[in-house]
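Attaching a single structure in structure tokens format; questions to follow.
Read from first to last, the chains carry the letters A, B, C and D; within each, the first residue is number 1.
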Amino acid sequence: MSDNGPVQVRCPVLNVRRVDAYYAITVVAPGIAERFRSGQFVSVAVGGDHSSTLLRRPFAVHDVKPDYGGTVEFLFSVRGTGTAWLAERRSRDLLDVVGPLGRPFPLPRDPVNCVLVGGGSGSAPLFPLAQSLRRRGCRVDFVLGGASADRVFSAITARRIAETAVFTTDDGSFGTRGRVTDVLGRVIEECRSDAVYACGPMPMLRAVTAVAAGHGVPVQVSVEETMACGTGICMTCVVPVVGEDGVTRMVRSCVDGPVFRGEQVRFDDVGTIPFDALGAPGWKGSSAARATESTRDIA
Amino acid sequence: MNADLRVRLGALELPNPVVTAAGCAGTGRELAHFFDIASIGAVTTKSVMLEPHAGRPSPRMAETPSGMLSTTGMQGPGVDVFLQRDLPWLLSRGGRAIVSVAGSSLGEFGELARRVSGTAGVDAIEVNLSCPDPETPSGRRFADDPARAAAVVRTVRSHARSEVPVLAKLAADVPDVVELAEACAEARADGLSMINTVRGMAVDTRTLRPAVAGGMGGLSGPAIRPLAVGCVYRVHEAMPDMPIIGMGGVRTGADVVEFMAAGASAVAVGTVNFSDPSACARVLREFTESLEARGVSKASELVGAAHRQGT
Amino acid sequence: MNADLRVRLGALELPNPVVTAAGCAGTGRELAHFFDIASIGAVTTKSVMLEPHAGRPSPRMAETPSGMLSTTGMQGPGVDVFLQRDLPWLLSRGGRAIVSVAGSSLGEFGELARRVSGTAGVDAIEVNLSCPDPETPSGRRFADDPARAAAVVRTVRSHARSEVPVLAKLAADVPDVVELAEACAEARADGLSMINTVRGMAVDTRTLRPAVAGGMGGLSGPAIRPLAVGCVYRVHEAMPDMPIIGMGGVRTGADVVEFMAAGASAVAVGTVNFSDPSACARVLREFTESLEARGVSKASELVGAAHRQGT
Amino acid sequence: MSDNGPVQVRCPVLNVRRVDAYYAITVVAPGIAERFRSGQFVSVAVGGDHSSTLLRRPFAVHDVKPDYGGTVEFLFSVRGTGTAWLAERRSRDLLDVVGPLGRPFPLPRDPVNCVLVGGGSGSAPLFPLAQSLRRRGCRVDFVLGGASADRVFSAITARRIAETAVFTTDDGSFGTRGRVTDVLGRVIEECRSDAVYACGPMPMLRAVTAVAAGHGVPVQVSVEETMACGTGICMTCVVPVVGEDGVTRMVRSCVDGPVFRGEQVRFDDVGTIPFDALGAPGWKGSSAARATESTRDIA
């Protein structure tokens, strides 16, 4: 009902493409396209009306176009049942899509230099981000990694959009052998980066955050936790995040994230409840802290 | 034909029988993007505790056939924040509120009952009896012992303002759900909600580790619907005058019919809100259409129909 | 690589861990159209009673989300016909036989144990503890009371020839499955099978009547797998040396891995035989392939893996 | 493994047609086609690999053709989830089909006069039966009924194959208003029928059996019980049937049927366990009866 909140639509598939190790699905979804801001994701019902796989699958939005009133593209690798089913969709099939979900990437006010770091399919949300940054006059550089050449996503697009683009693969089949963090420091130096944006598996985000901190550059990370609802009601997607007030809270990555400031995510404590987190056994609940809590905005 | 959708749970009258299940709809705020929260029977809010709780470590969920396992462990902001921030929002949108409370002692339950029932606009209190009872070793739940469950209900009933109905939320994986229901009735519960999640487990076959942290989780979703319908049927058979909110795997309007025929006066949508954020509105629409297709003029006529010969 | 598929349940060695669940494969004859019945670990036969039984009225089944409800009520020809007609057929095809027995009194269980274990070629006896115990009012099952369950197991163990292993088949919807398992172990069960169907119900929304005759039925199929895995995990945790046959919703080779990691030494396919008559052979093939993909050389290494840190 | 037992095949859909109120699906299934005898059925998995609808749906075989090595056609009306899913299949989709299942219609040794009575989609198995009877030189007459004109199945084919064909509808929209049993007696008289074959809902089969008995003509009925497995292992499809030895047994309609001699089915007791059925409380189990039991053949 609220104006820029998410919507749920049954939308026709415009096309399904193979891109290296990935599939890209484009759906016609004007309501989602018009609300979208980069960094947000959609969640897709899989398996049809009588499927035994109840839960939606979350995917970052890779592209939004004005065609047909507004299209949304997402991109995925086949991992299990849900993505296998999606890979079999054909144009004109209907998909039940909810979006846009989550907090978008915050954009710099000024035309600063940004380096965008992605691992595998985690690179997807960086492309609309790159466009937004370019529109604001920012310099964009890419560092994209993957297990092998066919898992480095959209190298050509990256080269086209960005000032520079550096690639790494675990097996050395493309670009530098190694990880994105092996080259990130050098890129930050050479490109005089003012900000880092990163997307990919948790260990990568942790390492990127460390490199950025080492160079005194702020970093925004987009995390990938398992999500039952994607809309903020199930509390299954929480990560420990330190707030402005210094208090660690178990926050929902779907509505309070998926984008967080890297140094606020307690990466070492992911998968645990930090002892001092709000409401954890070691938490010193002051009445002041509680008062703040009452006025904190929730999504 | 315009069917009369109103249902009555003792003193509590709802405009229609579709409500949300505790912990599966927040306080209504997030779902309000998808439908008008005032259009459904009521919102049952996430069980609130006296103090803030951080909940359990992740991974907190795993998908299972036609269901899911979860362990959120009562994460929440505590009753103060709930009453100051969350409840007012719901009431401001015209939502009806059934407030679920969770305590870790009789004292806490009593205090919660006092605080919650003392707040204007609360339609009913639901008592989550699946909280671990600290007085038993190995974390058994209040619901595991009818006497302890009754003690909780009695405490809540005596601390809550008398005009606020108290519903006891039962677990299905107990020795005898009818015995539990009877104990709660004796302790003056005004109604019963059933069922909570059922304990289960999954192993992640990639890592060979339990799929949710801590091993055991709560199973919910359509997979458990037959267990839930069975509990509602048996309890309604034993105590036909006790109002019941049925829940467990409701996905469609037909599922509402099924629960009502088994004996429920209202029906809650839980896990399916996760997979379909418009579910409550859709289920209500489907239910209304099915009444019309059947030529049933009052929703309440369906209650207990499966117990009557030759319907 | 050729993985070693052999598994051991106490004294009973099976060539591989995939067996059929009682009542879900007849005596193997019908499934033999679809695969070689000697190729799987064993056939657990439909629970046999001393006398012929006509079973329950129809409708006897209803489909539920990822599962089914059934009430067949132990229909069968009685132990004489079973031993003269059905068992010999299975043995003649090279099948291994786990014979499930169901009694309505301790005396009947003892007699069944004597007769069945006295027949050559029986690999093990499985004791169905979900039979109604005539000594309790309202048809509670032997499994509902650990002491009564233990009495049955003790009777069977003492009447059966000592070289024939006795497996106790547990129900999941009991107050405490670990307590039940421990009582059976104390009564000298050589192994445990779990779980049986879970009581549930469905209402036919066309007729508004219970979907299976008599109201309550037994829920089976993938829907109940998390309950089953949870029971296996908890019992294996409490008694790691007790051999377990795990079952409940097994559909794929990955499900076999899941049950074994939770603590089962063998895994039974039940309801899925109905939907896929080649299931046992397919599940065994998928399981074998997954061992190879994991580089596991012995199936038995998986047993209990989910209990070990860092696997 | 056994030679003429059922097989399970993943078979391509050749086509899906609408025929009045029905859908007809033809699959390429040589193994089933070659084993098939009229009266047998197939069971079809519905909803795909991750469907929450676990059980197969049974359908009578309506036609078998030699094309593509052997095709099998079945026909259905949309009733619930499974048939709705089937109605959406398209050519080249794969269906998981098991068959042929069940005991076929026994065929008369001599070229006698047969009347075939069907209600709604229950008429389907009568068409291959008519062909088989004609090949043996039998005279075939049809009595087909349905709720309305579009539910009387294959009137044209019936007219073509049979000597005579009489139709009834509940609403009088086609043929005689009323039920098949309102006209059956007259048809038996006029066509000097020696045998009746009937297929349809239980109350119709009961009434047909009564009419046939009244005319002293033997009747074979094909029953439709809900079936969880269709292969004989689940014991959910039982009906009370009196054996040659006078003993009532709860027999499986999937393997011991679906075809029975009408007078052997205890129609009044369907849905119950007759008190005197084998193994029921009132059953007088003699050791003789038990001995017979041991040597009785099972499917």
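Criterion: a residue touches a chain if its C-beta (ideal position, glycine included) is under 8 Å from a C-beta of that chain, and two chains touch if they have at least 3 such contacts.
Keep in mind that what you see is a predicted model, and the values were worked out from it rather than measured.
Shared contact partners of chain B and chain D are A, C. When the interfaces A-C and C-D are ranked by C-beta pairs in contact, the top one is C-D.
Each chain gets a centre from the mean of its Cα atoms; the one farthest from the centre of chain A is D.
Between the CA-based centres of chain C and chain D the separation comes to 34 Å, rounded to the whole angstrom. The mean-CA centres of chain A and chain D are about 57 angstrom from one another, to the nearest whole unit.
With centres set at the average Cα position, the gap from chain A to chain C is 46 Å.
For chain A, residues touching at least two other chains, in rising order: 52-53. Of all residues in chain C, those that touch two or more other chains are 65-67, 221-222. Chain contacts here are complete: no pair of chains fails to touch.
The part of chain D that touches chain B in the complex is made up of residues 52. Those residues of chain D that touch chain A in the complex are listed here as 47-48, 50-53, 81, 85.
On the side of chain C, the complex with chain A involves touching residues 65-66, 222. On the chain D side of its complex with chain C, the touching residues are 1-2, 5-8, 45, 52-56, 96, 98, 225-226, 228-229, 231-239, 250, 255, 270-273, 277-280, 283, 285, 290, 293-296, 298-299. Residues 23-26, 29-36, 46, 51-63, 65-68, 70, 72, 75-78, 80-81, 84-85, 213, 221-222, 271-278 of chain B are the ones touching chain A in the complex.
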